[in-house]
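Okay, got some structures for you below.
Look at the two complexes coming up: chain A is in both, with chain B in one and chain C in the other.
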Partner chain A sequence: MPPTDTLTAPLLRVSGLSKSYNRGRGGYAVLDDISFDLFPGETLGVVGESGCGKSTLARAIMRIGDIDRGSITLDGTDVSKVRGKALRELRKTFQMVFQDPFGSLDPRMTVAQLVEQPMAVHGISDAAGRRSLARSILSSLGLEERFLERTPGSLSGGQRQRVAIARALAPSPQLVVLDEPISALDVSVQAQVLNLLADEQRRLGLTYLFIVHDLAAAEYFCDRILVLYLGRIVESGTSEELFRNPQHPYTVSLFSAAPDPRRGDRKRIVLRGEPQSKRPATGCPFASRCPVGFDREICHTSTPPLAPTAGDGHVAACHFAGELKDTR
Partner chain B sequence: MSTLTPPAALPAPTDTTDSVLEVENLHVAYGSTQVVRDVSFRVRRAEKVGIVGESGSGKSTLALAIVGLLASNGSVSSGAVRVLGRDTVGLSDREFDRIRGRDLSLVFQDPLTSLDPVKTIGHQIAEVLKEHTPKISRARIRERSIELLNSVGVSDPASRLNQYPHEYSGGMRQRVLIAIAIANDPAVLIADEPTTALDVTTQAQVLEVLDSLVDRLGISVVLITHDLGVVSEFCDRVLVMYAGRVVESSPAASLFAHASHPYSLALLDSLPLPGRSRSEPLAWIPGAPPAMTDLPTGCSFSPRCTWAVDACSVVAPPKIMVGAADDHWSECHRAEEVAAAAPVAEAASAAPPESPAPAGDPAPPATPTDDRTPDASH
Partner chain C sequence: MTTLTRPKRVLARRSVDGQLVLALVMIAGFVVIAVVGLFMQTQANTVNVADSLQPPSAEHLFGTDAQGRSVALRVAVGSGIAIVSATVAVLVGGALGLIVAIACGLGPRWLDAVLMRLADSVLAFPQLLLALAVTMALGTGLITANIGIIVTVVPVFARTLRAEALRSRNEPFVEAARTIGLSLPRIAVRHVTPYLSTTLIVQMAANFGNVVLILAGLSFIGVGAQPPTAEWGAMITDGLQNALTGQWWIGVAPGLALVLLVIAVNLLTDQLRHRFGARQRMS
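Entry: the complex of A and B
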C-alpha cells in the first residue's frame, strides 16, 4: 500500500547515488544522481530499457560492488559503507531474485538444498525445520514434493525461477529486490508468481523493489514507479497516476510501444534513430530520440531537472512535460 | 515413423489460389513422441499469421518443420507443408536449401548467435546473396546490401556494411537478420520470437519494419510468439497452440473479446492488464501442460479446464465454428458458451482513450504504413 502516513520512515533511502564501471579513464556514470525513498510494505517499480541502469541499481542496493557517490540507507544503516562480518549479518535483511534462472542456481544442488542453504548460512532453525520451511514455501510456489530432490538441470526455466524466489524468501528478508523475476516465465506462470509475491508481501510485510520491463506487470504490481532512461530518473509517481497521465515523452513512448491484446488497431509511437548507450554531455538524455524535443535547442543544451507535474508526488524531468500524448 | 490414422479432415479451404503457405494435417514427432498434432492452416499473400503458445506447446517445432530444420531425431510423420504450391515434406536437405531463403525464409529469436561475430555485416549479407545468385557482381551485391539495410531502417547503411555484429545494437542486429532473410525476395517469412529479446521501443521499431515489408513487398509473415499483445497488434489472424494442437483459430482483432477456447480465455485473463485491480489476484491456469508422452484422453486441456464437463475427458472436441463469419473456430465442446464470456478486463478497455493530441503536436508520423494492402484484410 502507498505510504499515507508521511511520518513513516523509509525502509530504504537512496540519495545522490552515482555508479560507474571503469572508473577513471573514460569513466561513465551508469547511474547518475539517483534519489528515492522506499517505504515499508511498499512495492516500488523501476522500469526502463536495456542500458538504463536498472540492473546496476539493483546490484548497487544489494551491495554487489562499490558505488562512486551517494548513500544507500537501509533501515538506518548506510549499506554502502558496511563491510565484512557486519555486511554478512546485514545481508539477511535484503535478498535478491536475479533475472537469469539458469545462471543463478548451483546445478549440482537439489531444489531442497538450494532453498535450505540461505537459511543455513544465516543460522535459521535446524536441519529438519529448514526442510519443512523449504517444503512449505516451494509448495506455495507450485513446486510440490516431487521437485525437492531434483536438480536445476531437470527443471524448466519457470520452475528454476520459482526456486530462486523461494531461495530469496527463505531467510525472511525485509527488502526483496526482484530483478526481472517473471521475464523468463510463461504467461500463465507469471500470473501465478505475481500472485504469490503479493501473498507473501501481505503475509510477511515485505518491501519490494521490482525491476521490470513489462509495463503491464509494473502497473498491476507496483505502488509507485520510477522510469529510468540512460542512468537518470526521468519520471516518477504513483503507478495509477503515472499510467493514467504520463508526462515525460519517453514514458509516453514506452507505454505506447507496449503491446496490448485489447487494442489491435492502435498506433505505436516509434522513436527516432537507434538506442544510445551513453547520455550526451549536455542536455536531456532523451533529446536525440524525442518526438517532442529532437529539434528544440533547449533540450540539447540544458538538462531538465525532476520537477513536480500533474498530480501529487508526480515528477518529471522534461522541458515540455505533458506535451506528447499517447493517442491510443 | 509411427503410423497414424489420418484424422478427420478440416473443412477444405475453398480458395487456395492466393495461398503462399499451406500446412495440412501436419504431425511432427521426436522419436515416437508426437509434438505437433494435426495442424492445418494456410497463409495468404501479404497476410500476417500469429502462432501463439507457451513453452512446450509445439510452436517452435512447428516452425522448424515448416522451414525444414527439424533436429535429426525429429520428423514429419504425416501431413503436408506446401510452399508456393510445392510440398516440401520429404525433400532432401539439398533440395530444401534451394527453397529456404528464396521462397521461404526465417528469423530466429537471438540475433547475437544467429550472426557470425568475426564477419562484417556486409560479408554476411553477401554470402546469402551469392548462395542463390552465384554470378552476382560485387557492385550489385553492394547496391542490394545497401538497399536491404535501408529497407529495415538501418541508417547510414554504406558505412554500416563494414561493421561487425558487436558494433550493432540488439534491435539493429535483429533488423539485419530480417534484411538477410528477405535478401532473396522470399514469399513467406517465418519469424520465431523475433522481438522477445528486445526492449519494447525497439520491438516497436522491428514490428514497424515487418509491417512495412508486408505492405511494400507483399511478403507474408508467420509470427511465432508467446506474446498475446504482439499477435493482437501485429497479426491478421492468430492460431493458439496447446499440447501440440491448434486449439483456436481467430481473426487477431477479435481474439480478446471473443476468445472461444478456455485456454485462450485463461491466458488472456491471466495478463496483468491495465484496469485489473491488484486487490484481486490474477487468474492463472492450475496444473501444468501435459507431457507429450502421456496426453490425457479427450481434450488435452480438460484436466486444467474450469469449463470441462464429463464429455471433455472422453471425446476429443471437433473444430466448432464460432460467430457468423467462417473465420473463427475452436476445438472445444463448449466453444459458443466460452465465446460469450468476455475476459474480465474487457470492460476496462471500453473506457475512452485520453483526450486527442493537442494541436501543434510535433510528433512526427512514425513510418508511412497506414494503408494495408487490400489482400491483407479478410
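Entry: the complex of A and C
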C-alpha cells in the first residue's frame, strides 16, 4: 500500500516519541523524536544496528514501560494515554511476537493453553470454541493436532516461534509488532516463518511493524523501511526505493556491510572510529563516523531534519543526502 | 586415569541417591510412627503409677516415665504433634511469604521498600526469641506457639522468594503475558506462582527442621505445649527431673527423635536443592 495514499488513514501514528531509561539520573533519550505512520495492511520494517533503539521502539508501542514524550495513536485512540483496565482491553488490538521464542512462552503451559490464553483473557468464545480456534490458527501455521498438549520445552525454535505467532494472532489484532521474530532461528526455518507471516498477513489483513536485523529479510518482507541510528530516524522510504537508491551515508554503509554471496569481491564502506553509544549534543548523530561529513563543519553544528529526496515519500536526514554512493 | 576416576563417579552418584533414599525412609518412618501415635493418644496419657520409671525393655521400648506412661508411645504421639504443627507452620508461613514476595516483585517500588524494611526488622531478632515473645503475648500453648513460629518464618520466605519474584518480572514470558492483557493479579497466579514453586518447596523443606526445633524449644522452656501433652520439648523438660537419679531414657528418647527428624528433613532439603537447582537451570 503506497504511503502517499491520502484516502487511507494510518492505523498507527507515532509522533514525537521520546523515551529514556533512568529518567532524572542524567537520562539519555534512547528514542529521540520518532514520528511515522503505518497504514493498514502494510509492513513497516525498522532497521539499524544493535543499540539504536529498535526494540525500545517496539516495547514503547506495546506499552511496556512508559514513554517520556509524544503520542502513539492506534486506529484513532491515543494508546499512550490509556491506562489500567482500559489498556488491558485495548491490548487485544495490538500484539507482539518476541525475539526469543525460548523465553517468551511459559515453560509450564501447553501449546493449547498458550494459544487459548489471550482469547480467554479477552472473553473470546467459550472453552470449546477457543480450543477449535486455537486448533485452526495452529494448523494454518503448520502445527498439527499432536502439538496441542506439548509444552514449549519439547518444541524446536521454529515451532516455538510459530506458537508465539499463533498466540499473537489469537485475539485477532489489527497491528502485530514483530521484534526480530526470526533472528533467534536457524537460517533454514527463517524463510518458513517469514512465509507464514506473509500468508497470515494476506489472509487476515494484518499490519506489521517488523523490527529486523537482517537486511535481506527486510528487503524481501517490508513495504516500507525506517532506518534508525542512535534513536533517530535517519532515512525512510519504500523498501524498493530505499534499497535501490539509499541516500543517507549511514544507510549506504549499512547496506554495503550486508553480505552478498553472489558478489564476494564487492567493496565495503568501513566507518571511521569506534561505534558510538550516545548521540553528540549538537549536529548530526552520525557526523563523527560519517565518510561524507566527518570533516564538514555543518554536520557537527546543525542537526539535519528529515527532508524529501529523490523518490516518492523517500526522506533522509542528511545535509549531503545522496553524496555517498554504494559501489554495488 | 579413566580406570581411577570411573568408580569414583559411580560412587558419588550412588551416594547422592542413597541420601535421598535414606531421608525418605526416615521421614516415612516418622510419619508411620506419628499416625500410630495420633491414634493412641489416650493410652499415651494413661497414668499407671505401678509401672513408673521402668527401664527400656521389650514391653516398653524406651521404658516408662514417673507416671508409668510408655515413653515410646509418648515419643510417637510427639512425632505426630511435631510433624502436624511444623507442616501447618511451613504451609501457612510459606503461603504468606509467597504473597508478600509477589507483592514486592510485581507491585510498586514503595511497597517493596516498605515490606522489605518490615521483614528486615523482624529478621533482626533471633527466631527463637521472637517466637517466644509472640507466644508469651498471645498466651502459652501449642497453637499460640505455632502462631509465634509462623510470624518468624514469614519474612524468611518473603526474602528468598522476593529475589525470584523480582527476576520473574523481567522474564520474557511475564512481559508477554502483560502485552496479552493479563492483569497483575492474574499474572501473579498464572505465571509467577508456578515460577516460584520450586524455590518455595525447597524453602519449605529447609524451614521444616528449624520449625520443629523452635517448637520443641518453646515447649522445653514451658511456653509451648503444656504437660501432660506428649510434645518432645515438654517431654525433655519432664525427663530432666529424672536425669540425675539415673532414668536417662525419659529425656533421651524424645531428644533422639528430635535429632533424627531434623537430620532426615535437612538431608531431604539438600537433595531437593540439588535436583531442583539442576532442573531450574535447564529450563
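Note that in this section the second predicted complex is superposed on the first by the 326 of 328 C-alpha atoms of A that agree within 3 Å, B and C clash if a C-alpha of one lies under 4 Å from a C-alpha of the other, contacts with A are read in each partner's own complex, and residues count from 1 in each chain.
FYI, a residue touches a chain if its C-beta (ideal position, glycine included) is under 8 Å from a C-beta of that chain, and two chains touch if they have at least 3 such contacts.
The structure presented is a predicted model; accordingly, all values stated were derived computationally and were not measured.
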**OP:** Superpose on chain A as described above, then tell me if chain B and chain C fit or clash.
**Re:** fit
Original post:
Does chain B (first) or chain C (second) touch A:S18, or do both, or does neither?
Top reply: neither
Original post:
Where does A:S288 make contact in the superposed view: on chain B (first), on chain C (second), on both, or on neither?
Top reply: neither
Subject >> Contacts of A:Q117 with chain B and chain C, given as first, second, both or neither >> reply: second
**OP:** Could you say whether A:S172 touches chain B, chain C, both of them, or neither, answering first, second, both or neither?
**Re:** neither
Subject >> Contacts of A:P107 with chain B and chain C, given as first, second, both or neither >> reply: second
**OP:** Identify the partner contact of A:S139: answer first if only chain B is touched, second if only chain C is, both if each is, neither if none is.
**Re:** neither
**OP:** Please indicate which partner A:M96 is in contact with in the superposed arrangement: first for chain B, second for chain C, both, or neither.
**Re:** second
**OP:** Determine, under the contact definition given at the top, whether A:R262 touches first (chain B), second (chain C), both, or neither.
**Re:** first
**OP:** Using centres of C-alpha atoms, tell me the angle at chain A that chain B and chain C span after the overlay, to the nearest 10°.
**Re:** 80
**OP:** Compute the least Cα distance separating chain B from chain C in the superposition and give it as a whole number of Å.
**Re:** 10
Subject >> Interfacial residue positions of chain A with respect to chain C in the complex >> reply: 62-64, 85, 88-89, 91-92, 95-96, 98, 100, 103-108, 117-118, 121-122, 153, 164, 167, 171
Original post:
So in the complex, which bits of chain A are touching chain B?
Top reply: 49-50, 156-158, 186-192, 194-195, 198-199, 213, 215-217, 219-221, 243, 245, 253-254, 256-275, 277, 291-292, 295, 323-328
Original post:
Within the complex, which stretch of chain C touches chain A?
Top reply: 171-173, 175-183, 186, 190-191, 194, 283
Original post:
Which part of chain B faces chain A closely enough to touch in the complex?
Top reply: 54-56, 155, 169-172, 199-205, 207-208, 226-234, 252-253, 255-257, 266-268, 270-274, 276, 278, 281-285, 345-346, 349, 353-358, 361-364, 366-367
